[in-house]
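A, B, C and D label the chains in the order they appear, each numbered from 1.
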């Protein structure tokens, strides 16, 4: 397909790269230039504006947050203004449910189609084309952009005709992931202060009752206290919990663990942890328990 | 080995059965009789008292709580009084760290050996001999009772020379398991109220980021709202969280998620849920969110 | 002084009434008409637009929330557009810190002055002119509008030159007030289930260690379970906690009690309590404890 | 009356002193001697054993915790063994509901009477005879010991015929007091980080909506960060929250603020605060918010 790709952060860059590898004709755009050069070397066309990236059958976006998405979509020369009739905007950004609903409406008004397709997976999974894609949108739109989704992930799950359903699922998934940082963080603060070797403990957990990779990945980061460099930066994790709580507020769903996670992020930031990986909140229970890391 | 086995609840019965299957000479005892008959048919000797079950090289106990364990161990004709010199008491019950320390001391004084070997797994895993055993005790004691541990589980992990370390690990593991009820319970309350099919949601989660069986097992119970019959009764789950918090209090480790879980159990019990499976706490977020199940 | 007054809800109506009583020349405006008639009978002039209320030395606003305030201030023919040079906008609405900062900037740009003067007290205190006023703004602006503040309250406390400081204080005060609902709610759930007469209990508390009127007022509402009619509607209370948490998020201050209060409001709304007084969250601990009110 | 008084800590010493002042014939006992000397100078008789203090019409106890009370009451030569038929044990200690029930039963069996009369107030109130007494017990016993209660307090409130009701009320009262540390602690962390002068803020609160002395006392300690010397030591506050939670657990009442307070105490202790006043937990929100006190 002839498509545009906007947003070349760690995740977006890897996704665009896989779209090229799958044979698509990709025009890439990034606000700060320079990130697109190696993609150009592999055949990508570099757009000098958002509008230039909107001349194909579809445009995918992978942006940091609501604000970035709003600018790219609604700004002057933005996607709504530039994208052709019936063309598809595939949004993989982790944005709010509310913004997703606004995008659905705006694209419909402009005669365009909107698919929400946020992804699960860290940058290494993105690079390997092993993301999981949670997709929602009208049947025809989903069908037409399926080749794109298949190029970036190992599996696409279709959730609903309402695009924002995919965003709600994505946010709730990140909430669950964050709780796989918090709870083991508390457990390790406990057994560690109880004199048990944390490596052995983690090995026991992950080889028995908790074989999910996430327990292993985050568990090791917590055991080592190694939160730099950030694979998924804490402010992004905080944003996702904030958006989860915003959706929960609109739907009137109290989520006490999500509230706790929000407080953990605020504590982390207030104590100098803005640049750490989000798993750093898993070290706060030990901090409360008086542990001092050198 | 020639051993005794005390405590024939769902778990204990299955464990004793596997000990027989492995060729051990087992004398079984249960406070309320009747539970031992089918074991007798398969070669077990039935003891009429705790003391009668203490005449072998080792005695294993699988009891409901601290109170039951204290009675069996310290009561008249109890294990401390009846067990031979150098014989081993293998305690698989989920008891408090504090009681485990008391047992260690009492058995040492009596010239006996004590191994703490709590197990991970639900009754079906116990029946299949697929439990995970977290063991702690002196090297020689562990070595001598290894054939027993191997008969009941698929894997034994040795944690420490201090028996109570195994209890702390077991409690923290149950805390982690309970948090795999709470967090998905909140997430499902959210996406369910957001109009997303919960079965599809669970399928997405467990086939992607959360492949651990525990997510599947508890997730399905929560989606179905099917908390009877209880595989692991809520009061037992509550007890484990209570003991986790007691250990955390002694060690001065604040564990906010554990505090939340405790409140969830109290809410469940106060609203008529004493007989449900412990996964029923996973339905309370939806109840707070106003969901009414028929 | 010659002033305008915009927003004639329960609180605003009482405040405008006291401004008239103090001899000020008041032009009142309310979006939905009809609320101003009795004020007209007492000498108020009725404006047919926001702009008409902006022709004096100052205009006071007492509006429901950020959205209402934004419309009145920034809308076409709004305060920024209509108010004269050097005239003062005195905002008594409980709005966000962020909006207060925006108002400060916008009025400065327009050559106007802005004073933030949120008030503490329920409608009966407003009617009696017994409000407490938390004021912030430049020294000259505060001095010039002091006669207005004195007319509506029994005491004015000046907090800062930065107007939004008064909003932060107001929000934090409402957070404290809400916590005087939650904590006694928990305590009463406890002693009530323990068989103690709640009236006697409340009388003991308020006549000894907790003589503040707030304990008496909210305590009685909780003891009686009498949450209608609403003196301060739950959605307004929820809004204040939401704005407190928003300010706390911007400042990176984790506030676990505020998070709990937010969840309480969501639970209340999800279970049909949108029209109740905000003290109704004080009944939720008893609900969790299984209490059924007829 | 001819009475004994056991337990001469800060509170007990002041209470015994007021009993003497009121003309009672008091025999005092304290485990560690030396604390009674100045009382002897004012007419007290010094007992060399618990039993010696049990020869009058009544014996009052003011002890640190359950363990101390159990020893004094049930130990060899303890109150149950030594007190005469129909004589009254007036327990003012803050002990558990469960122990209070055990004491009631044990004294009844021994033909003695038991009154539970815990007190509200800090040492200075005790010294001034200005305590509030929450009393429960049989009508006749209460009547007979009223002169004692009147000597130590400014007011006695009779709560129930069941002595432990007074303990439940006392514990819940201390829970409420602790929440008057936590919530203002959070509010001050917020406004302080927002640049507002905390002294001015506290002055505003306590002179308007929160005129209760408790807000002033704890508020000032938090503003000053002055948690030494301890007027009411943190471990005692922790004990009370622990006993509140224990009673709540038995009654199946979830109390999330109490759970939070428990975690605050554990955090305080884990970070070196065992010797501080219990108001030190009010500084933890600011610590989480990154504030560093010199």
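Heads up, the rule we're going with is that a contact is a pair of C-beta atoms (placed from the backbone, for glycine too) under 8 Å apart; a residue touches a chain by one contact, two chains touch by 3 or more.
Just so it is clear, the model here is predicted, and its values are computed rather than measured.
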Per Cα centroids, the chain farthest from chain C: B
Same-site or different-site touching of chain B by its copy chain C, using the half cut: same
Approximate Å spacing (C-alpha centroids) for the pair chain A, chain B: 38
Averaged-CA centre spacing for the pair chain D and chain A, given as whole angstrom: 53
Numbers and ranges of chain D residues touching at least 2 other chains: 248, 252-256, 260, 263, 266-267, 270, 288-290
Chain contact topology (line, ring, star, complete or other): complete
Touching residues (chain side chain A, partner chain B) in the complex: 97, 120, 132, 134, 155, 157, 159-160, 162, 165, 168-169, 172-173, 175-177, 179, 182-184, 186-187, 189-191, 193-197, 200-201, 203-205, 207-215, 244, 247-248, 251-258, 260, 285, 288-290
Interface residues, chain A side, partner chain C - complex: 242, 248-249, 252-256, 259-260, 262-264, 266-267, 269-270
Parts of chain A lying in touch with chain D, wherever the complex brings them together: 256, 263, 266-267, 270-272, 288-290
